[in-house]
Amino acid sequence: MMEISVNAQAIAYLVSAILFILALKGLTHPASAQRGNYLAMAGMVIAIVATLMGSEVRSYGFILAGVAVGGVIGTVIAMRIQMTAMPQLVAALHSFVGMAAVLVAIGTFLNKQADGLLNSVLMGELSAGIIIGAITFSGSVIAFGKLQGMISGRPVKFKGQHLLNALLAIATIGFAVHFALTESTVSLTIMTLLAFTLGFTLIIPIGGADMPVIVSMLNSYSGWAAAATGFTLQNNLLIIVGALVGFSGAILSLIMCRAMNRSIFNVVFGGFGTAGVEGDSAADDAMQKGVKSAAIEDAIYWMEDANKVIIIPGYGMAVAQAQHSMKELMEQLEARGVEVKFAIHPVAGRMPGHMNVLLAEADIPYENVVEMDEINPEFATADVALVVGANDVVNPAAKDDPTSPIYGMPVLDAGKAHHVFVIKRSMRPGYSGVENRLYYQDNTSLIFGDAKDVSEGMVNQLKGSAH
Amino acid sequence: MMEISVNAQAIAYLVSAILFILALKGLTHPASAQRGNYLAMAGMVIAIVATLMGSEVRSYGFILAGVAVGGVIGTVIAMRIQMTAMPQLVAALHSFVGMAAVLVAIGTFLNKQADGLLNSVLMGELSAGIIIGAITFSGSVIAFGKLQGMISGRPVKFKGQHLLNALLAIATIGFAVHFALTESTVSLTIMTLLAFTLGFTLIIPIGGADMPVIVSMLNSYSGWAAAATGFTLQNNLLIIVGALVGFSGAILSLIMCRAMNRSIFNVVFGGFGTAGVEGDSAADDAMQKGVKSAAIEDAIYWMEDANKVIIIPGYGMAVAQAQHSMKELMEQLEARGVEVKFAIHPVAGRMPGHMNVLLAEADIPYENVVEMDEINPEFATADVALVVGANDVVNPAAKDDPTSPIYGMPVLDAGKAHHVFVIKRSMRPGYSGVENRLYYQDNTSLIFGDAKDVSEGMVNQLKGSAH
Amino acid sequence: MPETLVALYIFVLSCFIGYWVIWGVTPSLHTPLIALTNAISGIVIVGALLVTGLEGVGTTAEIIGFFAVLLASINVFGGFLVTNRMLAMFNKKKK
Amino acid sequence: MPETLVALYIFVLSCFIGYWVIWGVTPSLHTPLIALTNAISGIVIVGALLVTGLEGVGTTAEIIGFFAVLLASINVFGGFLVTNRMLAMFNKKKK
C-alpha cells in the first residue's frame, strides 16, 4: 500500500475531524441532515484510509478480516432492525464501542510494553480508557437487556448498594494508581475486572423505564472512552471526535431530564417509573375507577364532522407500530375537510425525537407535525384530541398537582379539547407509574385496545362510510 | 520575577483562551455581559502575567514604559469618549492593533535573524502578519478620518482604481515571496510599504457612509493579523484569540450587509450612500416637494391623548444625543397613560446594536425596547409613530419599489400608524441617499429641527400643560 | 509544547465545539443524532487499526486488535446505515 | 506533530468556536461585542512582550517592541474600559 508521511496523515485527520463537525452541524435542519450523514461517512473513510496508509500499520490480515466480519454484521443489523427497536440497538452498539476501547487500551499496553515505552502518564491514560470503556460496555449490556425485556425492568435494589458502588469505584481507582506506578499486570487485570463489575452494579439498580436516559449517558461515556484512547495514542482525531460524542450524550441526557423535570442524580440513584400496577380486565377496572369507555364508532362520530382534530402520539403508538395507520387516518379525515395536526411532546416515546422519526417514516408532512409550545394554545379550539398510546405527556397533574412526582414537567393540554379520546390497552399507567386524572374528566372517553388495531378500525369505518 | 516553566505557561494560556471564549459567550444575554467583560479582563491579565513570567522575557524596562504610557492613554480615551463616537474610536483602536502586529512581526524578524533561526515557512508567516497588519492599520486610519469628518466622506473614485489595487496586491505578494525565499531586507521593506499603500487605496474609494461595514471588516482583519502573529511566534493563545476576533468582525459585516440587503462586494467596490443632495432652506424645500410640515404643538396634540405611541430612533437621534430627552418624553407620556414603545431596526444608526446602547445609556427599560419583527404588526394599532432622525429604516420603497437601491431591505412599517411625525433637520436623504416617500404620505408631517431641540421642546410643552 | 499538552488544548477546544454543535441540533432530529454519534464513536477503529497493524506485534495483541477492529466495524457500518435509513424517511417527505 | 501542524489544528478548531460563539451574541449587544473583541485583539501584546523582553535583543528591536507594547496597551486598556462603560448602562436597568 502506498505510504503517506506523518504530516500528511495529520492533515487527513484534520480534514476528517472537520467533516465530522460539519456532519453534526448538518443535523441543524432536516433538509441538510442526510448530507450530514454522508459527510460523516466521508470523514470515517478518510480517517481509516489515512491510518492504513500511515507508516505504523504494517500487517493487514487481521485488519481485513475484522473489518469484513464486522462490516457484514453491522450491515445486516442495520437493515433488519425495526425503527421501534432503536433504543436497544443503540445500547448494543455502545457496548461494542466500550469493549473496543478496552481492547485497544490493552493492546496498546502490550505493544508499548514490548517496546519498553511505558511511563506513568501513559499508563494513567490507559487506565482511564479501560475504566470508562469497561463501564460503558457492561452498563450498555445491562441497558440492552432491560430494554429488550431479557432482564427484568424492575430496579434491583438492595441495602448498602450505594456503599458497594462507592467501594468498587475506590478500589478500581486504587488498582489503577498502583498499575500506573508499578506497571503491575495483576493490578491492571484486577482494575479491568472491577471496572466491568462496576458497570453492572451501577446500572442494574436502575428501573427499565429510565434506560433511555442511561443509554444517552452511556453514549456520552463511549465518547469519553474514545477521547481517552486518543490521549494514549496521541491521536488528535480521536480526541476531537470523542469530545463531540461525549457532549452529544451528555446534552441529550440533560434535555431528557429537563423535559421530565428531574435531575440526572434522581435518575441514576432514584428508581422511578416502577409502580408496575398490574391491570386486570381493562373494562372492569375502568368501571371501578369511574372512567367512560367508548367504542370506535363514538370517536368516528365526533371526528368526521370536526373542524380540527389534534392527534397526540406517545410510546404506545411506537410499541404498536401504529404510525402508518395514523397516516391513513389523517388522510381520511382530511378528505372530509377536517384539519388534522400531530402534537409532539419533547419526551413522548422513549428517545428524544422518537415520534418525529416514526411520523417521518409514515410520510406525514412536516406542516402537520407541531411541537408542544406551538400547539398548546390550539387545544381550546380543537373539537377532538385523540391520544394514541400517550400517557404522561398529557397528564394534567404535572401542571396542577404539586404532590405528583411529575409535577413541573411541561405537558400537552389535551384535556382542553372539546372531546378527548384515549387509545390504550388497559388502565395501567405509563412510564412514570403515575395515575392520570385526564381519564376521569367529563369530556374524556377511553377506547381500550392496541393502538394499531383501533386506528385501523377507525380507518376502515371511515372508508366504509360515504362522504 | 518568579519564573514559570514552558508547560505551566502553556496551561496558563489555555486558561486564558477559555476565559476569552466564556467572555464572548457572556454576551449572549445582557444579564451576563458584564461578567463576560470581567472574564475577558482576567484572561488578558493571566496571558500577560504568564508571558512576563516565562523564561523568554528577560528585560522589563521598555515593557513597563510601554504599558504605562499605553495604559494611561487608553484609560483617558475610554473615559472621555462619547458613546456616539464609538465607530471612530473602534476604527482608531483597530489601527493600533494593526500597527502593533506589523511591529511585532518586524521585531520577530530582527530577533530571529540575529539568532540565525529564519526559514521560509517562518518568513512566509511573518509576511502574512505584516501584510494583514499594515492593511488593517492604514485602512483603519482612513476609516477613522472619514468617520471623524477629517477626510471627505465622498468616495474618491478614479478610473483604473481596481486595476491599480490589483497591481499593488500582486506586487505585495511578489515581494513577500521574494523575501521568504531570499531573506532580502529590501524586499521586506518594499512589501511593507506596499501593504500600507494598499490599505489606503482600498479604503479611500469607499464612501464615508459605508464605513461601519468597513470598520467591522477591519476588525476581522485585526483578528487574522493576531492569528498570523500567533503562527510566527508559535503561540497558540494568539491563534485562538485571533480566530475569535476574526470571526466576530466577519460575522458582523455579514449581518450588516444582510440587513441592508447588499453584498460585501457591493460595499467594497460599490460606492453607495453618496448622493449628497444639498438641502437649502428646509421649509422651502418641503413646500416645493409637497410635504406637510408641522409644529411641536401639533405632535403633542395627538400624542398626549393617544393610547399607543411608537418611537423610531435612528442615526439622527445618535448625532443629536437626544436619547435622554427621549426618556423624559416617554415618562411624560406614560404619566398620561400613554403606552410608549421604542422600535429598533437592526441597522438603525451606524453600528449594529447602536440604538440599544444609546437607549440603555438613557436608562430606558428593556420592556419598552422592541425589535423590528415583533413591533411591525403593532403599527396598525398605534395612534402615533414618532420618527426621530431615522430615514432609511422607515422607507417604504424597500418594500414596494423594486427599482430602489434599498429594495429588499426589511423596514419598519411606521407609515401604517394613524399619524406619523418625523423629526429631522432638512429634506436631505439618509445614509443610502434614497428619497423617502413616507414623507409625502397623507398621514405624515415633518417637524424640522435638531432631534434634541425638538424633543426637549416636546418635553417642556408636556410639563407645562396640566394633566 | 509536549504532546500531552497539545492533546489537552485540542480536547478543550473540541469540548466547546461539541457543546455548540449539539445544542444546534433541531429536536426533531434527536433520534438520528443518537444514531449518528453512535456511528461516529466507531472512530475507535483508528485505535484498533494502530494496535493490530503494528509491525512485529505479538499474537496476543494481534488477536485483541482483531476483536477491537471487528467490534468497531459493526458500529461504523451499523451506525451509518441505520442513520441513513432514518434520515431517508425525513427526506422523502420534502418531495 | 510539528508545531506548525499543531497551530493549524488549533486554528481550525478555534474558527469553529468563533463561528458559534459570535452567532450566539444577542443583537442588542452587537456594539459592545465590537468593543470587546477590539479589546481582546489587544492580545497581540503578548507578541509584543516576547519581542521586547528577549535577552540580548538589539536596540532597534527593543524600540520597535516598545511601540508595539504601547499601541497594544492602548487597545487593551481603552477597549476593556469602554466596553465596561457601555455594559454598565445595560446593567443598571435591571435594578
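A, B, C and D are the chain letters, set down in written order, and residue numbers restart from 1 in every chain.
Assume a contact is a pair of C-beta atoms (placed from the backbone, for glycine too) under 8 Å apart; a residue touches a chain by one contact, two chains touch by 3 or more.
Note that the coordinates shown come from a computational prediction; the quantities given were computed from them, not determined experimentally.
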Just grab the chain with the largest centre-to-centre distance to chain C, centres being mean Cα coordinates.
B
State the pair with the higher C-beta contact count; candidates are A-C and A-D.
A-C
Quick one: report the Å distance separating chain B from chain D, using the average Cα coordinate of each chain.
17
Distance from the mean Cα position of chain D to that of chain C, given in whole angstrom
35
Between chain D and chain A, distance of the C-alpha-averaged centres to the nearest whole Å:
42
Multi-chain touching residues of chain D, meaning two or more other chains, are 1, 3, 6, 9-10, 13-14, 16-17, 21, 24
Where chain A touches two or more other chains at once, the residues are 21, 236, 240
Under the stated touch criterion, can you name all the chain pairs that qualify?
A-C, A-D, B-C, B-D, C-D
Within their complex, chain B touches chain C through residues 6-7, 10-11, 14, 17-18, 21, 236, 240
Residues of chain D that touch chain A when the two form their complex:
1-2, 5, 8-9, 12-13, 16
Chain A partner contacts - residues on chain C that touch it in the complex
3-4, 6-7, 10-11, 14-15, 17-19, 21-55, 57-58, 60-94
Within the complex, chain C is touched by chain A residues 20-21, 23-25, 27-31, 33-34, 36-37, 40-41, 43-44, 47-48, 51-52, 56-60, 62-63, 65-67, 69-71, 73-75, 77-79, 81, 83, 86, 89-90, 93-94, 96-97, 99-101, 103-104, 106-108, 110-111, 114, 121, 215-216, 219, 222-223, 225-227, 229-231, 233-249, 251-252, 255, 344, 346, 351-354, 356-357, 360-361, 363-366, 369, 371
What residues of chain C sit close enough to touch chain D in their complex?
1, 3, 6, 9-10, 13-14, 16-17, 20-21, 24
